[in-house]
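Here the structure comes first, spelled out in structure tokens, and everything after it is commentary.
A, B, C and D are the chain letters, set down in written order, and residue numbers restart from 1 in every chain.
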């Protein structure tokens, strides 16, 4: 899902030769001679040995040492930031051509050899503890905090210092994430990346931009690629979603130019939508904007796997609501039309077998069949009562309810697509963003209660 | 020197009423009810008492508690980032109208009541120490690092979340800095700000822009205001510095729109300049760009006091050199014409009294007078031999030599202005940026040796 | 072919009611009372009668008079330009909803009732003839020229005075052009439009812009719509034509925003292309720009039927050549790969029947068959010898040779598409733009000789 | 007043050599050989002789013939527009270095040798007269109109075809205008320029832009230079005029980039201003925009002498009114505060000597002196009754009343500057733009009646 453009520039072909002849950085020699700045003293040898347990595609012991020296050269305190960034860029060029195994080794080096200097940390901590309550406490706290800023942080910051460096780091993490479970040694690197991304991609640094049919084709192509809720089938499909009665907004970051980090698709209507079908109908005439009272958020997609854990969605929705209210003062209702991706799976574990069987072909159930009513009741219960560690267990519900929305309405046959039937028997749900109650709803949720409309409430009895 | 625009919007007038009726944040009540998220448990009472030792203009005990509650409301984990930023903005509005004493109290609250939670830190540290060397080490390190992310960090991040918030934080620190010596309790707040600014204003997030006579008048007005080396006397003066044979570049940040964080003025010439006079002569004809071989960096000014400790200068010079080489491939020499601000003061302590007396009117010394030669020798020694803690003691030398430049040439009567005579008997120095030797020179300096030209070397014997 | 966007906003539906209740212009009453400014005196009545010979969908006599009054109100000398433009806009709104017959009547009114005032012209002419050779000649010439500026010119200028007015006029002429043959009374209106467009769309007022995959999707959609040489089949097709080894440029005009008036597609290659097939192959890898020596202009399309007679193509090619030379100094050869649309039709009249028969399936002719050689010889003759009124009779040849290019090479099976075979037996031709000889070639052509390469020369013997 | 930037690039120095060695156009030889395209046949020799009556700085006979050939080369029908524009640019380069006398000769050549071809015109006219009333009338009219499009038109169009060409033509006319009275042979060239400028600078092609303190310094410098009503004394003065309670708008044209053709300065106030003093007071606090009900147009300046006869002012004011109403819906009154430049001169001829004497020091007249009342009555009469050829004789009155404004109020001591006292005894007038009555007022004026407020009416009795 995440874009891997940066990494795919090089490719596997050049990899075999790379470790032997490479690291291309001009500073290899001098850097190698330098002692590793911090954790090195204690454990370089042992740690390197531990790293060298990998297969035939991995770095040779010699290449491993050389790569470590390269990495140390990047954070070498004696070179300028500018030179450090240049070295980081050279390493990234090597990385682009490296094999998956070589990359894994590179991650291990970054994760295991650039931790905080234990001796320094210990000294700072002891000083801090002595200082607690004295006039020196403040200074001691500062020194302790600095001791904890690991060389790994500086290493990654230097990678962000060349133009394509941010793309490199985001793609690196996207590649790293699926390996974390199998190799916990990578966790510190991942945590360091997440921590830096949280600061760099803080909402204050994101730019909200409207995406329209007048946006660059290269950008609209990315909507097609990244759309995660209702697949975009063609250019005609995406053009319909950017028609005069629609709005699409994304968050952009100056260091990932042309890349929407997240985007939301909105339809402006005169009532809360109860089906996705007309919204995706390319042939439907656009509705009359002058009569629009309601904004339907019908799709929201994250695009960068590598930014996992950095949340944009809540801020995006709230900024979009403000932007829409400025443009269309008549808008009164802000509401989603959302899938319920976990419903069928949860039902399979919890609902009686006879109901499940009756729901085999839900779209053709008669209007007044008892199974319809039962399904709606189960769905209401799923959304409004099923919490895991205090949070809604449906992932989409978790997002919107966590933002302070409430469960407004369940809609029968609202998504008759195979995916919709497979996920939730064709059901979709509206989450209502009542701007005056968002924080009240969040507070309720913090106490384990999900906010629902009276209509949904009635399904729960 | 730092811009205080944000803060001056409000002004003192509204302050008297503010603490009583304010904090305007709608969340005041609920936030006040919430327990302070971290350090509170241990010491809120005592710390508040300590804070309450200030004069009549300061916050009353009630206002102090209320302001603390406001600040806690900003980081309240139960409200969304968006709501947190809104609360921060309300507080900033109150702050803009607050008195200096009230502001000082506000700083103390931010500095003393939002430190890391000691109990949490202790637990995390103990777990980490146990885990060292085990497979859980990585996880433990992450938890420990998280425990050290203080509520103060989150507090300041939320202030950065509204549009004028970055301006607010930078201005707040500019106001805070001069008080640090007198009140060390403010140090943690200052350290937190510096740490966040270092990440936010990392060179990778700065945009290099050329400033020309076609730039906005409001921006050029800022050059006039911020120029720190050779005062800009008028619009005609600044126009001359932006003429066809000049270049001016600044670093800009997306969150401080229209504000150059640092800027450098460059003259394109056919030889290394030996005097500032023709460069500042508004009536001089521009030189022929086609013959330019040399770029003279004759002024570099930081503009934001509040960003003290975040260094831009080295990267600026190197980015400008690259930009100039692209535009003018014939440029071969990159060189400064710099003041020597500390020379006279250092001479006063170190040079013999008779020389000092003879130098009373240095501009009128005969060309071959021995005092000229003596002064040049003392100046060479000052620049090339006088280190403090391993660094050149002249502040301008410290900057350029730290970047890897070398001391190229001393110029007699190069700045005949009163300021020039007062600082350095009218002497100026060229620092040469030899791109291939920058890191070599830095390495020399790290070993205590200053790189100098053979000409300057000869003055040292 | 021409964009009709402006006109299609309204549509036929509203037309029936329009003439009775409309003209919407608020000035209808007063304008109607005013005497027609110029030609009116002599012939309004007669001319109106003549106009009233149309069918049942046309304007009623009353609506006709009213529309005439509206048009006169637009040029009423007593109202300001601003008010005139407002009235023109009101008329254009009525026009958008009018029926084809009503529109035709409107054209007739514009064509026949706003000619130069004959009496004024006569007086001015007599004065001019008397003044010839005297010191008053200059003044008299000016007065005569002013007398010839017809109210029709002012009328159309006022239509250009509201934002969508230029679009209106261009679309009006696109609609008018096919009717000229059948109704010569429309010629003056057409001539006036062409004359004004020639001034307004003078090359000096056009902006050359590159069109790339980063251009707005709405603009790229227009390439798909307007491409006249090699139909664009899909978004993948157009993306290929905007790939890294391609360039596409268009001329734009500030009054037709987002509309390319003409555009050209260029491939950068290392040799003169001999077939369109690889250029249109979406799967082909982009060629290496570093090796590009040759720019192939393989498609050039006008987009605005309404601008017929205003020529952009020559200037476009020459501006693009300059732009490409700036970007790629290694480019040496500028050349087209062009269809020969008139070849088969001309052959059908001129070539012997047996050759025509043998050419029935030209793509499968054996490589050394005599018919191949014969066809090439006939094609060379067609391009190099067949002139009509001194100009090449093939329309594409007329354009490129008129610009000063020469016939460089004929390419067998260069366009194997059904259209290519149907037009020219699959042959295509390269026209070479040798920048140093363009005017020499134009001069040759003015003397009836077509410039050809020696290779093509040899086919002619 | 007009900018002469283009012409001053070259300068007089190079002129002596120019005519001999120049014309630089590569086409000199071939163009000279070509017959002059039109008027040439009849009179080239005689006309050249007539031209050759000038002084020693003028073109030599040989240079004159050569320059004529150059000019003819520009419109040579056998070269492309692109080549024609290149030749025009070469001539313009020569012109930039030519002496005033040489330039005058060049104008004469352009004025006298590129008129319509008399034989062609005569034939077309005869055909037209025969065709009147027949079906061929339309075609004949077109041919006649084309015959009148002189080679001079094409010549000037080609000069507009290179980037700096429009600047060249506008500056050429600015230089030409003051010579027209003394040399009527230049009138056709002037008329041709005015006619082309009227089309090229039609209001539809102008862009309204706000000018603010964030506009380029180079643009604001032009305000200082061009301001024609109340001189701008300094950058502080102009900054005040661009403060938060002010607006400044100009019309710009794409071919004169960065050049405001006309600009207007507006103050937003809560009442109709009765004095210019507070508006020009740099120290005055900006007024509160939230309370603004009135827009005061207190200065409007044309900048391009060369565009004389092309009027922008009416459209500028009306577009600015619309723009202001969009931004500030509360604005109700649009009004000027204007000088009365012709008052004192007119009084000197018409008022009694004793009044004139009493008005010697008007600013110190006691508030209730009869002379005050008398002066106001004379001023009212001057503005409301004194027409010349049906138009107000005061030039500022002529402009605003011609736009449809009315005389609203006379203001005592409204401009106490020496200039204000000298022009109008310190009086200023408000002209009111009542949007609903503009055309009614214009119609009144067309009948010889000036619209005035009841207050001014009362002064007239």
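Note that a contact is a pair of C-beta atoms (placed from the backbone, for glycine too) under 8 Å apart; a residue touches a chain by one contact, two chains touch by 3 or more.
This structure is a prediction, so every number in the text was calculated from the model and none was measured.
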item	value
Centroid comparison with chain D (C-alpha atoms), farthest chain	A
Inter-chain centre distance, chain A versus chain D - centres from mean C-alpha coordinates, in Å	60
Inter-centroid spacing, chain D versus chain C (mean Cα positions, whole Å)	34
Set of chain C residues in contact with two or more other chains	none
Touch relationships between chains, expressed as pairs	A-B, A-C, B-D, C-D
Touching residues (chain side chain A, partner chain C) in the complex	213-220, 235, 239, 258
Residues of chain B touching chain A in the complex	27, 78-83, 85, 111, 115-116, 118, 125, 132, 135-136, 138-139, 141-142, 144-145, 148, 157, 160-162, 165-166, 184-188, 191, 195-196, 199-200, 202-205, 207, 254-255, 314-315, 318-319, 403-404, 438-439, 442-443, 446
